[in-house]
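What follows is a short report on a single structure.
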Amino acid sequence: MARLDGHWFIVCRSSDLGRAPRAAAIQGVPLVLFRGEGGQAGALEDRCPHRNAPLTAGRVVGGQLQCAYHGWRFDQGGRCRAVPGLPGEPEAKATRATAYPVRELDGFIWVHSSPSAPGAEPTTEPFRFPHLDDRRYTTVRRDFFVASTLHAAIENTLDVPHTAFLHGGLFRTARKENEIEVVVRRWSDRTEAEFIGEPRPKGLAGRILAPQGGVVVHFDRFLLPSVAQVEYRLGDASHLVTTTAMTPVSDFETRLYAVVTFRLPVPGWLVKPFVMPIAAQIFRQDARILTMQMDNTRRFGGERFAYTEIDVLGPHIWRLLKQAERGESPAYAPGPAGAPDHEHRLRMRV
Amino acid sequence: MARLDGHWFIVCRSSDLGRAPRAAAIQGVPLVLFRGEGGQAGALEDRCPHRNAPLTAGRVVGGQLQCAYHGWRFDQGGRCRAVPGLPGEPEAKATRATAYPVRELDGFIWVHSSPSAPGAEPTTEPFRFPHLDDRRYTTVRRDFFVASTLHAAIENTLDVPHTAFLHGGLFRTARKENEIEVVVRRWSDRTEAEFIGEPRPKGLAGRILAPQGGVVVHFDRFLLPSVAQVEYRLGDASHLVTTTAMTPVSDFETRLYAVVTFRLPVPGWLVKPFVMPIAAQIFRQDARILTMQMDNTRRFGGERFAYTEIDVLGPHIWRLLKQAERGESPAYAPGPAGAPDHEHRLRMRV
Amino acid sequence: MARLDGHWFIVCRSSDLGRAPRAAAIQGVPLVLFRGEGGQAGALEDRCPHRNAPLTAGRVVGGQLQCAYHGWRFDQGGRCRAVPGLPGEPEAKATRATAYPVRELDGFIWVHSSPSAPGAEPTTEPFRFPHLDDRRYTTVRRDFFVASTLHAAIENTLDVPHTAFLHGGLFRTARKENEIEVVVRRWSDRTEAEFIGEPRPKGLAGRILAPQGGVVVHFDRFLLPSVAQVEYRLGDASHLVTTTAMTPVSDFETRLYAVVTFRLPVPGWLVKPFVMPIAAQIFRQDARILTMQMDNTRRFGGERFAYTEIDVLGPHIWRLLKQAERGESPAYAPGPAGAPDHEHRLRMRV
């Protein structure tokens, strides 16, 4: 699958990294995370340059990460600051550890997928989750792990047809009573599907979520390199955005950091107990099928997918990932995107 | 090992395939078996052509196999009959699943090792077990699994010298008191060894099995692609044929479907309780040594066998399998075979 | 790692090989050890030449190793002495097993890493452990297994800087109060480091071990192909030599046969209970870090070591192993070695 160089990925929540070093991985590269001087997060390749012991087996001493074998110490920049037994200046005589740029933002630790180069900072900054500072929104965070390629996990998150079938009864029905219109657009850094004509929830639920009536607005979006976003508006009163930043841990392992932000006519604390178990159930079903899909793909020696018109975003996600792999597509830049490179319309039964 | 295209192999007993889909494999190709319209057995590659989920995770709905991910449905021919959410005719828009020809015969389900081609049926039919309809014969069936190559499993089943040693005391002794003559013959679709001069069982057993006396007739046969047969006659009264159809599940896994048919001067129900535990013990000993042989072969990076003249059928089995692999030898066709391509005689001590 | 042909390696202690065959391995080659005629130890490739069954599954009958499958029997030279069922002379008709030269010395069984050639004996003999016959010395033997390359295990055994850190407090302190001189010498069959100026143990321990005072003499030595030796003298009274002969079981597995011989002013039986638990603790710490180092090396696709001047023997061990691999360096020959090929001095803090 795609090797995405020069991109930011989440490696853990801020609260997950304490005094002890912690293991992480991006695209198969093992990393050690630690808090160095001033509690600032650092990320090194998880291999001491001296005898290749894993630095995750070491500990943090005086704001430096100390290897468990010979006691070499490194700072967040990868500089060797101590070699026990060696007379003279260690930094001049010892080899640096490979370091990676790190950012701590919105309660997450992000690591750049290309190593730090001396004197050069990354040209982009990590993705920012929407509505976190808006007090009208309630926020819920959940992390998940799936044994899946990044591509299959993103497509699953943004795929409408499987929801009625795999998650039948949870939030769509298998009855397919309505035929709606879908508009698909692709830019160089993102792709989206707009679903027009989806019915409002019936009965009491509809009256609570959209008391003044109004239309349903539904967008599914993929933002390079690895963000899947589902946005719903019901009239003026209800707005829900689920944004999932995904980390390709290896070719066959993906970690999902989901941030759900919503504003509803009823208080968030009232909604959570009803919504969270359903969301957890949906995730379990998706994780199970993605693992089966992955295992089967490996058993047959690779993906061989077939597409129909209702696999609306799949081909565009694949195209953008491949372009990003070749360095031809940039990371998503917030804000309006101008005219799309591609647009088409289709009909789907939901 | 040999990849045998265009041959029939048993995948399970008829009674093993009920309402739920069932996994099988031939030569490393994962299959899903199911009973479609009218209960007719079908075999598809165990991969949905859409997103590659395993079809064994699905279920049978309305005589069609339904994928667990997006609900695509397939019939026994691999045609896609439903795509939830897709307006219009699914068969025209969706990709077929890869299907394999299937036959249900003699209580077994056979699958062809080459996929179905549109409008073309296999040119051969599966092997038929002998004496199943003859009311004078008693039939016993047993299935076994061995971690072994097909070649090593076939040779083991037809190898005489190991029986006295590995199974010492069970049906041959290690004392080697008799020297007998062996005639080895090979045709394009089979090879056989005829053992001449084997002693009749001593004492009571001999008087029961061959009350009028007479000679012992003993044939070991290999029939392409994978049938091992051992036939014994003692005088006119006793006749025993053990026919084992083997399925190469993978290069290192073989499944054995053994059918024992016999006609004896004593009733079958009287003999079974004495014979079956011995047969089970023999199989356990063979399975154990075959697994050790297989593991050791893999550890050393491949088979390196040495032959002596008493490895009578081994070289001919190997030759026929290699010829079948190259498409030069046909599946066994019942009936007399004409003059053999090869014949030689040797002496062996038993 | 190095494939060292034509060298002797220990496969087990003499007392480990009884009536039953025993499995061993050198550099990934599986062996079967057994005691043949007269109790003499033999070593064959653990594969019957007939059907490749593992000979370790057989048993010793009449001083010959009998295969469990067809009962072929082999002597220590690999000659086939019996083939059940085969008329005539087995030795003429059957294939030999691959045999390896064996020596039983000093309570160990040594096997040559190149197979026996007909009519040719190895040109070297195994390494002999020092002081075993000197009644003034106490001897302790211990076997260890580490998941490590031979190279990393040897370097670890002879590495001084890690002792203060990894084994901190056990026999060196991390305080590094003394700067000493090290002389490094390399010959074609060995390399050594002489440590000059190491302080004597303080207080009571020093008075007991060196009652008349005197200097500390400390040598670390590597002797081709795989012996690591640490020698300490404290004045005239105390002398301790730890000699570890290592066996490369596979590229990633090493077995250590350590022989500790010592002569002290206090009786050996008095010292053992204090020293052995410390030695065991040191070994556990080393085995743990070596396994982590090995796993990490494999995870990153190979060793990438960095050296400083206090990695005194590491580069020379590597060079000698590589030369031995290419057949350019001979096994260690006892006795004085003449002028070294290489000598340099450096300072280290201990």
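Lettered A, B and C in written order, each chain numbered from 1.
As a convention for this text, a contact is a pair of C-beta atoms (placed from the backbone, for glycine too) under 8 Å apart; a residue touches a chain by one contact, two chains touch by 3 or more.
All values reported here derive from a predicted model rather than from experimental measurement.
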- line: Here subunit A maps onto subunit C under a C-alpha rotation whose angle in degrees, rounded to the nearest 5, is 120
Message: Quick check on subunit A against subunit B: do more than half of the interface residue numbers occur in both copies, making it same, or fewer, making it different?
response: different
Task: Express in whole angstrom the distance between the two chain centres, defined as the mean CA positions of subunit A and subunit B.
output: 50
Statement: subunit B touches at least 2 other chains through residues none
Statement: Within their complex, subunit C touches subunit A through residues 152, 160-162, 164-166, 174, 176, 179, 289, 292-293, 295-297, 299-300, 303-306, 308-310, 347-350
- prompt: Contact residues on subunit B for subunit A in the complex?
  reply: 30, 46-47, 49-54, 57, 68-71, 83-87, 93-95
